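First, the structure itself, so that you have it in front of you.
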Amino acid sequence: MNQLTFENPVFSCYALAAALLIVKMMSQGWITVFRMFKVNGGFRYPEDARKSLANPDPSPGQLLPNEYVERSRRMHANDVENIPLFLVAALLYVCTSPSLWLAAGLFATYVLSRLGHFLVLLTQRPHEVRAFFWTIGSLIVYLMAGAVIWHALAR
Amino acid sequence: MNQLTFENPVFSCYALAAALLIVKMMSQGWITVFRMFKVNGGFRYPEDARKSLANPDPSPGQLLPNEYVERSRRMHANDVENIPLFLVAALLYVCTSPSLWLAAGLFATYVLSRLGHFLVLLTQRPHEVRAFFWTIGSLIVYLMAGAVIWHALAR
Amino acid sequence: MNQLTFENPVFSCYALAAALLIVKMMSQGWITVFRMFKVNGGFRYPEDARKSLANPDPSPGQLLPNEYVERSRRMHANDVENIPLFLVAALLYVCTSPSLWLAAGLFATYVLSRLGHFLVLLTQRPHEVRAFFWTIGSLIVYLMAGAVIWHALAR
(Lines give C-alpha, C1' and ligand atoms only; values in the text may rest on other atoms or scores of the structure.)
Protein backbone atom coordinates (compact mmCIF):
# COMPACT_ATOMS: atom_id res chain seq x y z
CA MET A 1 0.00 0.00 0.00
CA ASN A 2 1.19 3.48 -0.78
CA GLN A 3 1.82 5.56 2.35
CA LEU A 4 3.29 8.63 0.66
CA THR A 5 0.12 10.57 -0.15
CA PHE A 6 -1.77 13.30 1.67
CA GLU A 7 -4.66 10.83 2.01
CA ASN A 8 -2.54 9.13 4.67
CA PRO A 9 -2.81 11.26 7.85
CA VAL A 10 0.64 10.08 9.03
CA PHE A 11 2.12 11.45 5.82
CA SER A 12 0.22 14.73 6.27
CA CYS A 13 1.72 15.11 9.76
CA TYR A 14 5.16 14.32 8.38
CA ALA A 15 4.78 16.80 5.52
CA LEU A 16 3.71 19.52 7.96
CA ALA A 17 6.67 18.89 10.29
CA ALA A 18 9.09 18.63 7.37
CA ALA A 19 7.90 21.88 5.78
CA LEU A 20 8.17 23.74 9.11
CA LEU A 21 11.75 22.51 9.57
CA ILE A 22 12.61 23.48 5.99
CA VAL A 23 11.25 27.00 6.60
CA LYS A 24 13.26 27.18 9.85
CA MET A 25 16.53 26.06 8.28
CA MET A 26 16.13 28.30 5.24
CA SER A 27 15.43 31.23 7.58
CA GLN A 28 18.73 30.69 9.40
CA GLY A 29 20.44 31.85 6.21
CA TRP A 30 18.39 35.07 6.33
CA ILE A 31 19.30 35.53 10.00
CA THR A 32 22.99 35.36 9.03
CA VAL A 33 22.38 37.94 6.27
CA PHE A 34 20.53 40.18 8.74
CA ARG A 35 23.39 39.94 11.25
CA MET A 36 26.02 40.73 8.60
CA PHE A 37 24.06 43.86 7.66
CA LYS A 38 23.63 44.82 11.32
CA VAL A 39 27.32 44.63 12.22
CA ASN A 40 28.39 45.62 8.68
CA GLY A 41 30.94 42.81 8.69
CA GLY A 42 31.54 39.12 9.28
CA PHE A 43 31.86 38.60 5.52
CA ARG A 44 33.77 35.64 4.12
CA TYR A 45 34.21 36.47 0.44
CA PRO A 46 36.94 39.02 -0.43
CA GLU A 47 34.65 40.56 -3.09
CA ASP A 48 32.12 41.41 -0.34
CA ALA A 49 34.58 43.93 1.16
CA ARG A 50 34.77 45.85 -2.12
CA LYS A 51 32.82 49.04 -2.73
CA SER A 52 29.32 48.29 -4.05
CA LEU A 53 25.70 49.37 -3.75
CA ALA A 54 25.18 47.30 -0.62
CA ASN A 55 28.58 48.20 0.81
CA PRO A 56 29.26 51.91 0.06
CA ASP A 57 31.96 52.24 2.72
CA PRO A 58 34.12 49.08 2.57
CA SER A 59 37.02 48.16 4.88
CA PRO A 60 39.27 45.09 5.15
CA GLY A 61 38.02 44.58 8.73
CA GLN A 62 34.67 43.50 7.30
CA LEU A 63 36.28 40.16 6.44
CA LEU A 64 37.24 39.40 10.06
CA PRO A 65 35.16 36.77 11.87
CA ASN A 66 32.41 38.35 13.95
CA GLU A 67 31.04 36.26 16.83
CA TYR A 68 27.48 37.60 16.39
CA VAL A 69 27.51 36.45 12.75
CA GLU A 70 29.50 33.26 13.42
CA ARG A 71 26.92 32.18 15.99
CA SER A 72 24.23 32.23 13.32
CA ARG A 73 26.53 30.28 10.98
CA ARG A 74 27.12 27.64 13.66
CA MET A 75 23.36 27.42 14.27
CA HIS A 76 22.98 26.86 10.53
CA ALA A 77 25.70 24.19 10.59
CA ASN A 78 23.83 22.41 13.36
CA ASP A 79 20.63 22.45 11.27
CA VAL A 80 22.62 21.07 8.34
CA GLU A 81 23.88 18.19 10.46
CA ASN A 82 20.48 17.30 11.86
CA ILE A 83 17.45 18.38 9.83
CA PRO A 84 18.17 16.49 6.56
CA LEU A 85 18.51 13.29 8.62
CA PHE A 86 15.08 13.85 10.16
CA LEU A 87 13.56 14.68 6.76
CA VAL A 88 14.63 11.34 5.27
CA ALA A 89 14.39 9.15 8.39
CA ALA A 90 10.83 10.32 9.05
CA LEU A 91 9.81 9.82 5.39
CA LEU A 92 11.01 6.21 5.54
CA TYR A 93 9.39 5.81 8.96
CA VAL A 94 6.04 6.85 7.40
CA CYS A 95 6.49 3.91 4.99
CA THR A 96 6.58 1.49 7.94
CA SER A 97 2.88 2.33 8.62
CA PRO A 98 3.36 3.51 12.21
CA SER A 99 0.35 4.37 14.39
CA LEU A 100 -0.83 7.92 13.76
CA TRP A 101 -0.50 9.06 17.37
CA LEU A 102 2.97 7.69 17.90
CA ALA A 103 4.20 9.16 14.61
CA ALA A 104 2.53 12.54 15.15
CA GLY A 105 3.97 12.64 18.68
CA LEU A 106 7.50 11.93 17.45
CA PHE A 107 7.27 14.49 14.64
CA ALA A 108 5.85 17.19 16.94
CA THR A 109 8.42 16.46 19.65
CA TYR A 110 11.22 16.69 17.08
CA VAL A 111 9.99 20.07 15.79
CA LEU A 112 9.70 21.36 19.37
CA SER A 113 13.17 20.04 20.26
CA ARG A 114 14.67 21.96 17.33
CA LEU A 115 12.72 25.08 18.31
CA GLY A 116 14.09 24.73 21.84
CA HIS A 117 17.62 24.20 20.50
CA PHE A 118 17.26 27.33 18.36
CA LEU A 119 16.05 29.48 21.26
CA VAL A 120 18.80 28.22 23.59
CA LEU A 121 21.48 29.15 21.06
CA LEU A 122 19.83 32.48 20.28
CA THR A 123 19.74 33.47 23.92
CA GLN A 124 23.08 31.84 24.86
CA ARG A 125 21.64 29.64 27.59
CA PRO A 126 23.96 27.10 29.33
CA HIS A 127 25.26 24.15 27.36
CA GLU A 128 23.23 21.64 29.39
CA VAL A 129 19.90 23.00 28.11
CA ARG A 130 21.15 22.88 24.52
CA ALA A 131 22.42 19.32 25.01
CA PHE A 132 19.02 18.34 26.42
CA PHE A 133 17.14 19.52 23.31
CA TRP A 134 19.70 18.11 20.90
CA THR A 135 19.62 14.73 22.65
CA ILE A 136 15.84 14.49 22.32
CA GLY A 137 16.00 15.19 18.59
CA SER A 138 18.87 12.77 18.18
CA LEU A 139 17.02 9.97 20.00
CA ILE A 140 13.91 10.46 17.83
CA VAL A 141 16.01 10.09 14.68
CA TYR A 142 17.66 6.94 16.08
CA LEU A 143 14.24 5.53 17.01
CA MET A 144 12.81 6.11 13.54
CA ALA A 145 15.92 4.75 11.83
CA GLY A 146 15.74 1.69 14.09
CA ALA A 147 12.09 1.14 13.17
CA VAL A 148 13.03 1.35 9.47
CA ILE A 149 15.89 -1.17 9.87
CA TRP A 150 13.60 -3.51 11.81
CA HIS A 151 10.88 -3.22 9.17
CA ALA A 152 13.33 -3.79 6.30
CA LEU A 153 14.84 -6.89 7.94
CA ALA A 154 11.58 -8.37 9.26
CA ARG A 155 10.05 -8.84 5.82
CA MET B 1 -3.36 8.80 -5.75
CA ASN B 2 0.33 8.13 -5.94
CA GLN B 3 2.31 11.07 -7.31
CA LEU B 4 5.80 9.65 -6.79
CA THR B 5 6.23 7.68 -10.02
CA PHE B 6 7.78 8.52 -13.37
CA GLU B 7 4.30 8.14 -14.90
CA ASN B 8 3.52 11.50 -13.27
CA PRO B 9 5.15 14.19 -15.46
CA VAL B 10 5.49 16.54 -12.44
CA PHE B 11 7.55 13.85 -10.70
CA SER B 12 9.67 13.35 -13.84
CA CYS B 13 10.45 17.07 -13.90
CA TYR B 14 11.30 16.97 -10.19
CA ALA B 15 13.53 13.92 -10.61
CA LEU B 16 15.39 15.61 -13.47
CA ALA B 17 15.96 18.82 -11.48
CA ALA B 18 16.93 16.87 -8.34
CA ALA B 19 19.43 14.68 -10.20
CA LEU B 20 21.05 17.71 -11.87
CA LEU B 21 21.44 19.42 -8.48
CA ILE B 22 22.88 16.23 -6.97
CA VAL B 23 25.44 16.03 -9.80
CA LYS B 24 26.30 19.72 -9.26
CA MET B 25 26.76 19.41 -5.50
CA MET B 26 28.78 16.19 -5.78
CA SER B 27 31.00 17.89 -8.38
CA GLN B 28 31.81 20.72 -5.97
CA GLY B 29 33.77 18.14 -3.97
CA TRP B 30 35.80 17.30 -7.08
CA ILE B 31 36.39 21.00 -7.73
CA THR B 32 37.88 21.28 -4.22
CA VAL B 33 40.09 18.25 -4.91
CA PHE B 34 41.17 19.76 -8.24
CA ARG B 35 42.05 23.07 -6.56
CA MET B 36 44.03 21.35 -3.78
CA PHE B 37 46.06 19.52 -6.44
CA LYS B 38 46.55 22.74 -8.43
CA VAL B 39 47.91 24.79 -5.53
CA ASN B 40 49.45 21.70 -3.86
CA GLY B 41 48.02 22.82 -0.53
CA GLY B 42 44.91 23.91 1.32
CA PHE B 43 44.78 20.52 3.05
CA ARG B 44 43.02 20.10 6.39
CA TYR B 45 44.17 16.70 7.64
CA PRO B 46 47.68 16.50 9.14
CA GLU B 47 48.22 13.12 7.42
CA ASP B 48 47.75 14.83 4.02
CA ALA B 49 51.01 16.77 4.55
CA ARG B 50 52.99 13.57 4.99
CA LYS B 51 55.06 12.04 2.19
CA SER B 52 52.97 9.77 -0.01
CA LEU B 53 52.36 8.79 -3.62
CA ALA B 54 50.09 11.78 -4.22
CA ASN B 55 52.31 14.13 -2.20
CA PRO B 56 55.97 13.26 -2.95
CA ASP B 57 57.27 16.62 -1.69
CA PRO B 58 55.37 17.47 1.53
CA SER B 59 55.66 20.66 3.61
CA PRO B 60 53.82 21.91 6.72
CA GLY B 61 52.64 24.96 4.69
CA GLN B 62 50.32 22.65 2.78
CA LEU B 63 48.04 22.68 5.84
CA LEU B 64 47.57 26.45 5.78
CA PRO B 65 44.20 27.75 4.51
CA ASN B 66 44.35 28.67 0.83
CA GLU B 67 41.73 31.14 -0.40
CA TYR B 68 41.44 29.45 -3.81
CA VAL B 69 40.60 26.14 -2.10
CA GLU B 70 38.54 27.73 0.69
CA ARG B 71 36.31 29.43 -1.90
CA SER B 72 35.35 26.03 -3.28
CA ARG B 73 34.71 24.77 0.27
CA ARG B 74 32.43 27.74 0.97
CA MET B 75 30.58 27.12 -2.29
CA HIS B 76 30.14 23.52 -1.14
CA ALA B 77 28.89 24.72 2.26
CA ASN B 78 26.33 26.90 0.50
CA ASP B 79 25.11 23.91 -1.51
CA VAL B 80 24.87 21.90 1.71
CA GLU B 81 22.70 24.59 3.29
CA ASN B 82 20.36 24.90 0.32
CA ILE B 83 20.15 21.91 -2.01
CA PRO B 84 18.94 19.24 0.48
CA LEU B 85 16.09 21.60 1.43
CA PHE B 86 15.04 21.90 -2.22
CA LEU B 87 15.31 18.13 -2.72
CA VAL B 88 12.84 17.37 0.08
CA ALA B 89 10.59 20.46 -0.23
CA ALA B 90 10.09 19.81 -3.94
CA LEU B 91 9.39 16.10 -3.37
CA LEU B 92 6.65 16.98 -0.89
CA TYR B 93 5.40 19.70 -3.23
CA VAL B 94 4.99 17.06 -5.98
CA CYS B 95 2.67 15.22 -3.55
CA THR B 96 0.36 18.27 -3.43
CA SER B 97 -0.50 17.62 -7.13
CA PRO B 98 0.57 21.05 -8.43
CA SER B 99 -0.07 22.05 -12.04
CA LEU B 100 2.66 20.73 -14.34
CA TRP B 101 3.64 24.13 -15.75
CA LEU B 102 3.87 25.88 -12.41
CA ALA B 103 5.89 23.04 -10.89
CA ALA B 104 8.19 22.68 -13.92
CA GLY B 105 8.70 26.45 -13.93
CA LEU B 106 9.64 26.50 -10.23
CA PHE B 107 12.02 23.52 -10.57
CA ALA B 108 13.71 24.97 -13.66
CA THR B 109 14.02 28.43 -12.09
CA TYR B 110 15.57 26.89 -8.98
CA VAL B 111 18.14 24.96 -11.00
CA LEU B 112 19.00 28.10 -12.99
CA SER B 113 19.24 30.20 -9.78
CA ARG B 114 21.78 27.74 -8.37
CA LEU B 115 23.70 27.72 -11.65
CA GLY B 116 23.79 31.53 -11.52
CA HIS B 117 24.89 31.45 -7.86
CA PHE B 118 27.68 29.01 -8.77
CA LEU B 119 28.94 31.14 -11.66
CA VAL B 120 28.86 34.35 -9.59
CA LEU B 121 30.98 32.74 -6.88
CA LEU B 122 33.32 31.15 -9.41
CA THR B 123 33.97 34.47 -11.13
CA GLN B 124 33.90 36.59 -7.92
CA ARG B 125 31.12 38.92 -9.13
CA PRO B 126 29.74 41.52 -6.68
CA HIS B 127 27.74 40.40 -3.69
CA GLU B 128 24.50 41.88 -5.01
CA VAL B 129 24.37 39.47 -7.97
CA ARG B 130 25.01 36.52 -5.67
CA ALA B 131 22.31 37.72 -3.26
CA PHE B 132 19.88 38.05 -6.19
CA PHE B 133 20.30 34.40 -7.23
CA TRP B 134 20.27 33.08 -3.68
CA THR B 135 17.09 35.03 -2.90
CA ILE B 136 15.27 33.52 -5.89
CA GLY B 137 16.17 29.99 -4.80
CA SER B 138 15.24 30.77 -1.22
CA LEU B 139 11.82 32.16 -2.21
CA ILE B 140 11.06 29.07 -4.32
CA VAL B 141 11.79 26.80 -1.34
CA TYR B 142 9.58 28.97 0.92
CA LEU B 143 6.79 28.88 -1.69
CA MET B 144 6.88 25.10 -2.00
CA ALA B 145 7.09 24.62 1.79
CA GLY B 146 4.13 26.99 2.16
CA ALA B 147 2.10 24.99 -0.38
CA VAL B 148 2.92 21.79 1.55
CA ILE B 149 1.86 23.33 4.89
CA TRP B 150 -1.35 24.65 3.32
CA HIS B 151 -2.11 21.25 1.76
CA ALA B 152 -1.42 19.40 5.04
CA LEU B 153 -3.65 21.73 7.07
CA ALA B 154 -6.46 22.06 4.50
CA ARG B 155 -7.34 18.37 4.53
CA MET C 1 3.44 1.49 -10.39
CA ASN C 2 4.43 2.53 -6.90
CA GLN C 3 8.01 1.58 -6.02
CA LEU C 4 8.19 3.32 -2.66
CA THR C 5 6.80 0.63 -0.37
CA PHE C 6 8.40 -2.12 1.69
CA GLU C 7 6.65 -4.64 -0.58
CA ASN C 8 9.24 -3.67 -3.19
CA PRO C 9 12.48 -5.46 -2.22
CA VAL C 10 14.57 -2.74 -3.93
CA PHE C 11 12.94 -0.18 -1.64
CA SER C 12 13.57 -2.41 1.40
CA CYS C 13 17.27 -2.56 0.52
CA TYR C 14 17.33 1.21 0.03
CA ALA C 15 15.56 1.83 3.34
CA LEU C 16 18.03 -0.42 5.16
CA ALA C 17 21.07 1.32 3.62
CA ALA C 18 19.56 4.77 4.22
CA ALA C 19 18.77 4.04 7.88
CA LEU C 20 22.28 2.70 8.51
CA LEU C 21 23.80 5.85 7.00
CA ILE C 22 21.46 8.04 9.06
CA VAL C 23 22.54 6.22 12.24
CA LYS C 24 26.20 6.64 11.21
CA MET C 25 25.90 10.37 10.50
CA MET C 26 23.90 11.07 13.67
CA SER C 27 26.52 9.17 15.67
CA GLN C 28 29.30 11.42 14.36
CA GLY C 29 27.70 14.21 16.45
CA TRP C 30 27.97 12.00 19.54
CA ILE C 31 31.60 11.22 18.71
CA THR C 32 32.30 14.97 18.67
CA VAL C 33 30.54 15.33 22.05
CA PHE C 34 32.57 12.40 23.44
CA ARG C 35 35.83 13.95 22.22
CA MET C 36 34.97 17.36 23.71
CA PHE C 37 34.35 15.68 27.07
CA LYS C 38 37.57 13.66 26.79
CA VAL C 39 39.85 16.64 26.10
CA ASN C 40 37.63 18.99 28.15
CA GLY C 41 37.84 21.57 25.35
CA GLY C 42 37.39 22.21 21.65
CA PHE C 43 34.19 24.13 22.40
CA ARG C 44 32.89 26.74 19.97
CA TYR C 45 30.25 28.62 21.96
CA PRO C 46 31.50 31.19 24.51
CA GLU C 47 28.78 30.08 26.95
CA ASP C 48 30.28 26.57 26.97
CA ALA C 49 33.41 27.90 28.72
CA ARG C 50 31.35 29.27 31.62
CA LYS C 51 31.03 27.46 34.95
CA SER C 52 28.18 24.94 34.85
CA LEU C 53 27.23 21.44 35.96
CA ALA C 54 28.99 19.85 32.97
CA ASN C 55 31.94 22.22 33.18
CA PRO C 56 32.80 22.79 36.88
CA ASP C 57 36.30 24.09 36.16
CA PRO C 58 36.08 26.41 33.13
CA SER C 59 38.97 28.14 31.33
CA PRO C 60 39.14 30.35 28.23
CA GLY C 61 41.47 27.78 26.62
CA GLN C 62 38.50 25.45 26.27
CA LEU C 63 37.38 27.58 23.30
CA LEU C 64 40.60 27.00 21.34
CA PRO C 65 40.38 24.60 18.39
CA ASN C 66 41.48 21.10 19.35
CA GLU C 67 42.64 18.86 16.50
CA TYR C 68 41.17 15.72 18.10
CA VAL C 69 37.74 17.38 18.21
CA GLU C 70 38.14 19.19 14.88
CA ARG C 71 38.85 15.87 13.15
CA SER C 72 35.45 14.57 14.22
CA ARG C 73 33.83 17.84 13.04
CA ARG C 74 35.50 17.48 9.62
CA MET C 75 34.33 13.87 9.43
CA HIS C 76 30.84 15.15 10.18
CA ALA C 77 31.19 17.83 7.50
CA ASN C 78 32.15 15.15 4.99
CA ASP C 79 29.04 13.16 5.90
CA VAL C 80 26.97 16.31 5.47
CA GLU C 81 28.36 16.83 1.98
CA ASN C 82 27.80 13.26 0.86
CA ILE C 83 25.14 11.29 2.71
CA PRO C 84 22.08 13.49 1.99
CA LEU C 85 22.94 13.25 -1.73
CA PHE C 86 22.94 9.44 -1.53
CA LEU C 87 19.69 9.43 0.47
CA VAL C 88 17.80 11.34 -2.25
CA ALA C 89 19.63 10.02 -5.33
CA ALA C 90 19.04 6.42 -4.26
CA LEU C 91 15.36 7.09 -3.46
CA LEU C 92 14.84 8.46 -6.98
CA TYR C 93 16.89 5.60 -8.39
CA VAL C 94 14.49 3.14 -6.72
CA CYS C 95 11.69 4.84 -8.71
CA THR C 96 13.45 3.91 -11.98
CA SER C 97 12.70 0.22 -11.21
CA PRO C 98 16.31 -0.99 -11.31
CA SER C 99 17.12 -4.69 -11.06
CA LEU C 100 17.24 -5.84 -7.46
CA TRP C 101 20.78 -7.18 -7.60
CA LEU C 102 22.29 -4.13 -9.25
CA ALA C 103 20.51 -1.78 -6.85
CA ALA C 104 21.35 -3.85 -3.75
CA GLY C 105 24.96 -4.05 -4.91
CA LEU C 106 25.21 -0.29 -5.37
CA PHE C 107 23.58 0.44 -2.00
CA ALA C 108 25.78 -2.06 -0.15
CA THR C 109 28.93 -0.82 -1.87
CA TYR C 110 28.04 2.77 -0.96
CA VAL C 111 27.51 1.88 2.71
CA LEU C 112 30.83 -0.02 2.77
CA SER C 113 32.64 2.86 1.02
CA ARG C 114 31.42 5.25 3.72
CA LEU C 115 32.42 2.80 6.45
CA GLY C 116 35.89 2.57 4.88
CA HIS C 117 36.10 6.37 4.64
CA PHE C 118 35.14 6.65 8.30
CA LEU C 119 37.75 4.13 9.44
CA VAL C 120 40.49 5.74 7.32
CA LEU C 121 39.81 9.14 8.90
CA LEU C 122 39.52 7.67 12.38
CA THR C 123 42.89 5.94 12.10
CA GLN C 124 44.59 8.71 10.09
CA ARG C 125 45.55 6.47 7.16
CA PRO C 126 47.20 8.07 4.09
CA HIS C 127 45.15 10.36 1.88
CA GLU C 128 45.17 7.91 -1.06
CA VAL C 129 43.10 5.33 0.83
CA ARG C 130 40.58 7.98 1.86
CA ALA C 131 40.38 9.26 -1.72
CA PHE C 132 39.79 5.70 -2.94
CA PHE C 133 36.74 5.20 -0.70
CA TRP C 134 35.34 8.67 -1.36
CA THR C 135 35.70 8.19 -5.11
CA ILE C 136 33.73 4.93 -5.02
CA GLY C 137 30.87 6.60 -3.12
CA SER C 138 30.97 9.58 -5.43
CA LEU C 139 30.81 7.42 -8.57
CA ILE C 140 27.82 5.49 -7.22
CA VAL C 141 25.92 8.75 -6.62
CA TYR C 142 26.81 9.95 -10.15
CA LEU C 143 25.68 6.61 -11.60
CA MET C 144 22.32 6.73 -9.82
CA ALA C 145 21.78 10.39 -10.71
CA GLY C 146 22.61 9.57 -14.32
CA ALA C 147 20.09 6.71 -14.34
CA VAL C 148 17.44 9.11 -12.96
CA ILE C 149 18.21 11.75 -15.62
CA TRP C 150 18.10 9.10 -18.35
CA HIS C 151 14.80 7.73 -17.05
CA ALA C 152 13.24 11.21 -16.77
CA LEU C 153 14.27 12.19 -20.31
CA ALA C 154 13.51 8.83 -21.95
CA ARG C 155 9.81 8.96 -21.18
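Structural remarks
Labels A, B and C are assigned to the chains in the order they are written; within every chain, residues are numbered from 1.
Simple rule for what comes next: a contact is a pair of C-beta atoms (placed from the backbone, for glycine too) under 8 Å apart; a residue touches a chain by one contact, two chains touch by 3 or more.
Keep in mind it's a predicted model, so treat the numbers as computed, not measured.
Rounded to a multiple of 5, the C-alpha superposition of chain A onto chain C involves a rotation of 120 degrees. Of all residue numbers that take part in the contact between chain B and chain C, under half occur on both sides, making this a different-residue interface. Centre-to-centre separation of chain B and chain C, using mean CA positions: 17 Å.
For chain C, residues that reach two or more other chains under the stated contact definition are 2, 4, 80, 84, 88. Of all residues in chain A, only 1-4, 67, 71, 74, 80-82, 84-85, 88-89, 92, 95-96, 121, 124-128, 131, 134, 138, 141-142, 145-146, 148-149, 151-153, 155 touch chain C in the complex they form.
Within the complex formed with chain C, the residues of chain B that make contact are 2, 4-6, 11-13, 15-16, 18-20, 22-23, 25-26, 29-30, 33, 44-48, 50, 52-55, 76, 80, 84, 87-88, 91.
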